[in-house]
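Each of the next two complexes has chain A plus one other chain: chain B in the first, chain C in the second.
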Partner chain A sequence: MTEYFIRRVLQSILVLFLITLITFGLIHAAPGGPTKIFLAPGLSQEAAKIQAHNLGLDQPVAVQYIKWVGGLLKGDLGYTFKNHLPVGQILWPTVGNTVVLMGVAWLLSLLIAVPWGIYNSTKEYGLSDQTASFVSYVGFAMPTFWFGILLQEMFALNLDWLPLSDMWTMGKEGNIGNLFMHLILPVTVLTLGFLAAYSKYARSSMLEVLEQDYIRTARAKGVKERRVIFRHALRNALIPIITVLGLDLPILVGGAALTESVFNWPGMGRLFIDMAVAREYSVLMAITLITAVVVIIGNLIADILYAVVDPRVQLGKGGRSA
Partner chain B sequence: MSANLNNDIAPGGQPSVQPQREDVQPTAPLKKPPGPWMTVWKKFSRNVYAMTGLVVVLIFVIAAILAPLLAPYEPSHIDLMFANLPAGTDNHLLGTDELGRDIFSRLLYSSRISLLVGFAVAAASVIIGSLIGSLAGYFGGWLDTIFMRFVDVMNSIPLLFLNILVLAIFGSKVSYMIMILIFTSWMSVARLVRGTFLQLRETQYVEAAKAIGVSSWGIIFRHLLRNASFPIIVNATLMVGGAILSESALSYLGLGVQEPDTSWGKMLSNAQEFMLIDPIQAVYPGLCIFIVVLAVNFVGDGIRDALDPRQKAMVSRRRLKQWRKDYSK
Partner chain C sequence: MVKTKKWIALLATLTLFGALFVGCSNTKSSESSTKAPTGSEVDASKSTDKPVDGGTLTFSSFSDIVSINPIYVDNSASSDAARFVMANLYDLDRKGNLVAEPWSLAAAPLEVSADGKTYTVKLKKEAKWSDGQPVTADDVIFTINTFRDPKAGSPGIGQFDKVDKLDKVDDQTIKITLKQVFAPFQYSLFNQLIPYHVLKDVKPEQLKDNPYGKDPAKTVTNGAWKWTEWKQKQYLTFDKDPNYWGQKPHIDKVVYKIYADQNTEVSALIKGDTDLIQAIPVTQIEAVKKKSGISVLLAPGPLYEYVAFNFKPENFPDKFVPFTGQKTRQAIATALNRQGMIDNILKGTGTKLNAPFLPGTWADPGSAVTEYKYDPAAAKKLLAEDGWVAGSDGILTKDGHRFSFELQYNAGNSRRQQVAAVIQQNLKEVGIEVTPKAIDFSSWADNNLTPGKFPAVLLSWSLNNPDPDGEQTFSSKYFPPTGQNMGWYKNDKLDKLWVEGYSTVDQAERKKIYEEVGKEISTDLPYVFLYQYGQPEGLGPRVKYAEADAPEASLPYGYFFHIQNWWVTQ
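Moving on to the complex of A and B:
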């Protein structure tokens, strides 16, 4: 167990290192290099040189990379090129906002999807099951941003029940009720997407378990159906769901970017899009890195939970190399 | 054949009566049993959803190909005098947008780019993914290790971010968008092919092929890849829908298709700006994306169901349930 844990952590660090290389490499692969993009176009030769020196752009790429990684290890994410603000100052508040939005949507969809999927697995092809399958088809085919726009038109413009966008109404920052009203539409959009996937996972995972021999044994010895479902089947069915949750993390963060952009939510995803258009590479690198760290840690936790929940999984023997 | 046997004379026996030979016609050579493609098609064509999806996709593809003939107006023709016309006025089937461009024509031309991106990305990802997956799965070793670590890296970055990053750095062009979407979507095919190869490379027919000296490439292309082809097709079909969605998302964010070209995502981002004036404009392009992706997904699921031998059992289980219910009445 400890050996496996250490190996997984080392692997994660390697992946993280590769990600820093790729993001940094991408930005320096831009036509003309970063120098051309960062500097104001009308600058004279000397002024450009001085500014490039101030930004550290005249150093060799390898030195810049080492400096950047060194800064990261100390928690320094660098500075923006335009106003020379510390990246952290821009970034951290948006991280919190994204966590609020995603956390609510994610928890809500899990709370709906898992019990629903379990119920559907006991009543295959019933009305509820058909509905779930319809919802998941819609959820997979609907462009999230289009759904968002439709909801805005319906509930914000036509009916005027809910605010159109943003996180707070002006002057009401910090008011929980106000936040709640602003959360409803984006959370609905996100929840539909998650629901589509998770209820399907929960159902198929349950169905697989319900076919096992030990379930038949339990039924044969006269265990009540409810106890079979909750005690015998559910605990085993949850295991694959945990892995899926870990693997889905990047989709969670990426999907939020679109929703945040539609609803003008001041989150990390929207910041990424804005900064991509403005070509603020230090912010982009920081966001990519933070999400990668979150995803890697999420996967690590999922893997370890998997081992803890399921005693059949033998770690450290190379059993799960794929 | 059995009729033949009965009428034949036992060895050594004397025929008292000339056996009345019925008009046994020489049996026609047995028809070749239907191949796997035919079997799958038979099952597929019985699936209503899948067939509907197929027809819808074909309609969209034909409309996209014939767009110059079908479109009543030039899609980028600006006429501010006739901006935001409601549907049906002045021969504008679906009205005009904020610059007076005919929405129906724009939808038709948009479908060209959206479908092009969808199919091109799926096709190229399948080719690249199969190649990498078969190399990793067949040869294993360091090749496999490098491949797996790379997939790990790709799975740790939100792919939408990667797409945005690359398009922001290199500029927004349809060709760039197709390339980056290929780069971010070949992994699932590669994983699938690798997994299948890991299973299949231990089978006896591969061993036999090796024993008679078939080259590695021969084994990969003739024996292994063919056996993996059906799941790959399913994956590719579902990938078309994903690519169309990604394209529309990137164009919606302003990083994909640029003026004067148009795509459904781009039309949506324009429509959102003018939501207060003419909300119905946001409906059409989104509906197109939704219908196409839904249709493609139906086709993909139809193929998967047709391939799944368990599917039959599931239907019969359902019947069994019904039967039990009826029986207990």
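Moving on to the complex of A and C:
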């Protein structure tokens, strides 16, 4: 297990390195680079050269990349081109804000979706199951930004019960009650989206397990239905769900740019778009890096959890089941 | 380039993300004040109450500032913020004239010498920085020298490239001597200053990295409010400066709130979370107007849209430029239903124009220009006179070349998408085949606009300077890739007229020259000028001002015109 863990971490570092290398190259290959955007059109050629030199943009991409990695190893994410602000100062607060929003929505949808899906698998095509299907269709089909606007129109503008947008009311930063009120609408939007997927996964993976021979055997032995579901079926059904959750983990930091925009949530998804438009390479690279780290951690956690829920999975010994 | 007209900027305004880079430097547009055809719908109550002191005004935008250091302000977000904390050397009156207002740093109107080359600036004795130091001639000289220094990397460098020398006459008086007579120069002084006593030891190449302009605590200002907070991507706050040297404003606190997009901003205006928004999407105007208490100001701003032709044969298959004939270009102008575009796509927030001068400005050539009324039959006649004959598929041909071209615009701009479709339809009716093509803005700028490689484009200019000089846009001195004459247009008469236009400071004489320009350019048509258009401003019910201080859409930053005199109710 320890050996496996170390190997995975080493692999991850290699993967991260490749990701940053490729991203760096791609960003620099995109048309309309920073020399075009940052260097104001009023600048003469001579002045433009001086500026490009000051920003280090006149060096080969490879040299720029090595410098970036060098800074990174010292914990320096770099500065924005446009106004020379430390990347960390802009980035970290938005990461926190996104984790709050997405974390609440994600946990809430898990708490609802998994039990609901399990229940529905035992009462296939019952009222609850039909309702879940309906919610899923709506959740899948409705664009999140549009649902967000509908909720705003109703609860913030017409009824005036809830705040329209933002994370806090100005001057009330840090007030949990205020945060809670601001969370209700965006979390509702996001939860509906997650719920649609997760309840379907939970239900179908339970149904699949419930048809297995050992379940029939258990029932034939006269094991109580409750015990069949929770003891025999659930643990096996959880494996595909864990896979999905592990892969979805990066959403927590990647955020939902559209939802963040509609609700003016100061998160990382919005930041990424702004910075992409502004061609702020150092911020884009930092966001890519954070997202990549979380993807890798998410996968690692999922793999470890397999072993926890299913003893047949033996990490590091080749072939895993499920 | 005093008149920094930037498509980069301009375009970005209207892209999906809507970052408004428009107004670089400072200078700005024209003065169509009373001309605004779509009258502003300010409700009468705005002017009846008596001003009250106190309260908070919240205005919003969809982009964050970059820096409010005047040397580096190159987008309207930063510029908007800077207006609250920095006094201008000179201001603009409603007509776009350069004046010394009570809140300007200048004490008297700008003096120009008889030969038109020397400008004398006199500062107010009482003007002070927020740290108590006086604003002096040293600040003015230091500011202009920093703008001019390539090492400082200011986007406004071109505003001062005609300056020959700067002389300090006394602490409050500066003489600026130009290398040549250049009338538009005066608008370079519609600008803000940086404090010499704070920044004199900073190397020009390090000024951009200096916290000045980015850290509220380290930004010494000289305006009516002082900068108290910047929460990135969320808001900035400005509080009334108790030590301000001039008459104190009515409003205590100004909050500049940043929204993710325009629709969110409109909802915030309706909810009352913000009091002023600068640009309501035209599709939402009706919805906003229905809400009681919200005023929508529809007057068009200092922007105009056009179709630019390319005259360089290399940009066409077979090296055949279909636009060579003047009558052909006139036919295209006649075939386009511009009023229809204004009514249906702009929802009335535009005015037709025929020359690159905004309607109502002092340089507006008025009836001297050639007018083009929508008339497909007349257009067909003009095309026939120019030698075009209908081919078997209904498309015109000349010497074996079909009249077919690609019209490029930036992807994500829904207004241009609709206008391009109308152009396609209108021209099809007279036998010209147009293929509209949307291209991602940055690649478009890189691959087509800057190098001047395209058949025709649909684009805008933002006139961020009230001066009519247009040499850099239309003169053959300014061919791509360094110049802005991206369609390779060459007209010797105009080349000469532009130079004459800025080589005298006598406004009456200039007006005559620009009348000539207007006549020539509207006849020869390097572009088909479509319309002046605007961004409707929305004002919440709490915002009050006297009629004389009402926002002025046609001016740069006119949405805050005379804001020192505004007040808010609780």
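Everything below uses one rule, namely that the second predicted complex is superposed on the first by the 291 of 322 C-alpha atoms of A that agree within 3 Å, B and C clash if a C-alpha of one lies under 4 Å from a C-alpha of the other, contacts with A are read in each partner's own complex, and residues count from 1 in each chain.
Basically, contacts are C-beta pairs under 8 Å (C-beta built on N, C-alpha and C of every residue); 3 or more make two chains touch, one makes a residue touch a chain.
Predicted, not measured: the structure shown is a model, and the values here were computed from it.
**Q** Looking at the combined model built on chain A, do chain B and chain C fit side by side or clash?
**A** clash
**Q** For A:Ser165, is the partner it touches chain B (first), chain C (second), both, or none of the two (neither)?
**A** second
**Q** Does chain B (first) or chain C (second) touch A:Val9, or do both, or does neither?
**A** A:Val9 sits against neither chain B nor chain C.
**Q** Give one of first, second, both or neither to describe whether A:Ile90 is in contact with chain B, with chain C, with both, or with none.
**A** In the superposition, A:Ile90 contacts chain C only.
**Q** Now for A:Asp274: first (chain B), second (chain C), both, or neither, which partner does it touch?
**A** The answer is second: A:Asp274 touches chain C but not chain B.
**Q** Which of the two partners, first being chain B and second being chain C, lies in contact with A:Ile27: first, second, both, or neither?
**A** Touch status of A:Ile27: first partner only.
**Q** Examine A:Ile296 and indicate which partner it touches, taking first as chain B and second as chain C; both and neither are also allowed.
**A** The answer is first: A:Ile296 touches chain B but not chain C.
**Q** Scan A:Pro266 for contacts with chain B and chain C and give back first, second, both or neither.
**A** After superposition on chain A, A:Pro266 lies in contact with chain C alone.
**Q** According to the stated criteria, A:Pro143 is in contact with first (chain B), second (chain C), both, or neither; which is it?
**A** first
**Q** For A:Thr288 in the superposed arrangement: first (chain B), second (chain C), both or neither?
**A** first
**Q** Have a look at 258-266, 294-302 or 312-320 and say which bit of chain B overlaps chain C after the superposition.
**A** 258-266
**Q** Go through chain A and flag every residue that touches chain B in one model and chain C in the other.
**A** Looking at chain A, the two contact sets intersect at 30-31, 149, 152-153, 157, 261-262, 273, 277, 279.
**Q** Can you tell me which positions in chain C touch chain A when the two form their complex?
**A** 1, 4, 6, 8-9, 17, 19, 24-25, 63-64, 66-67, 72, 74, 150-151, 153-159, 205, 208-209, 213-214, 232-235, 255, 259-261, 263-264, 267-268, 270-271, 273, 440-443, 445-447, 450, 482
**Q** Name, in rising order, each residue of chain A that touches chain B in their complex.
**A** 11, 14-16, 18-19, 22-23, 26-27, 29-31, 124-125, 137-138, 140-146, 149-150, 152-153, 157-158, 247, 250-251, 253-255, 257-258, 261-262, 272-273, 276-277, 279, 284, 287-288, 291-292, 295-296, 299, 322
**Q** What part of chain B is in contact with chain A in the complex they form?
**A** 148-150, 152-153, 155-162, 164-170, 195, 198, 241, 245, 248-249, 252-255, 265, 268, 271-272, 275-276, 279, 282-283, 285-286, 289-290, 293-294, 297-298, 318
**Q** Considering the complex alone, what residue numbers of chain A touch chain C?
**A** Of all residues in chain A, those touching chain C are 30-32, 36-37, 39-47, 50-51, 54, 79, 82-85, 89-90, 93-94, 149, 152-153, 156-157, 160, 164-166, 170, 260-264, 266, 270-271, 273-274, 277-279.
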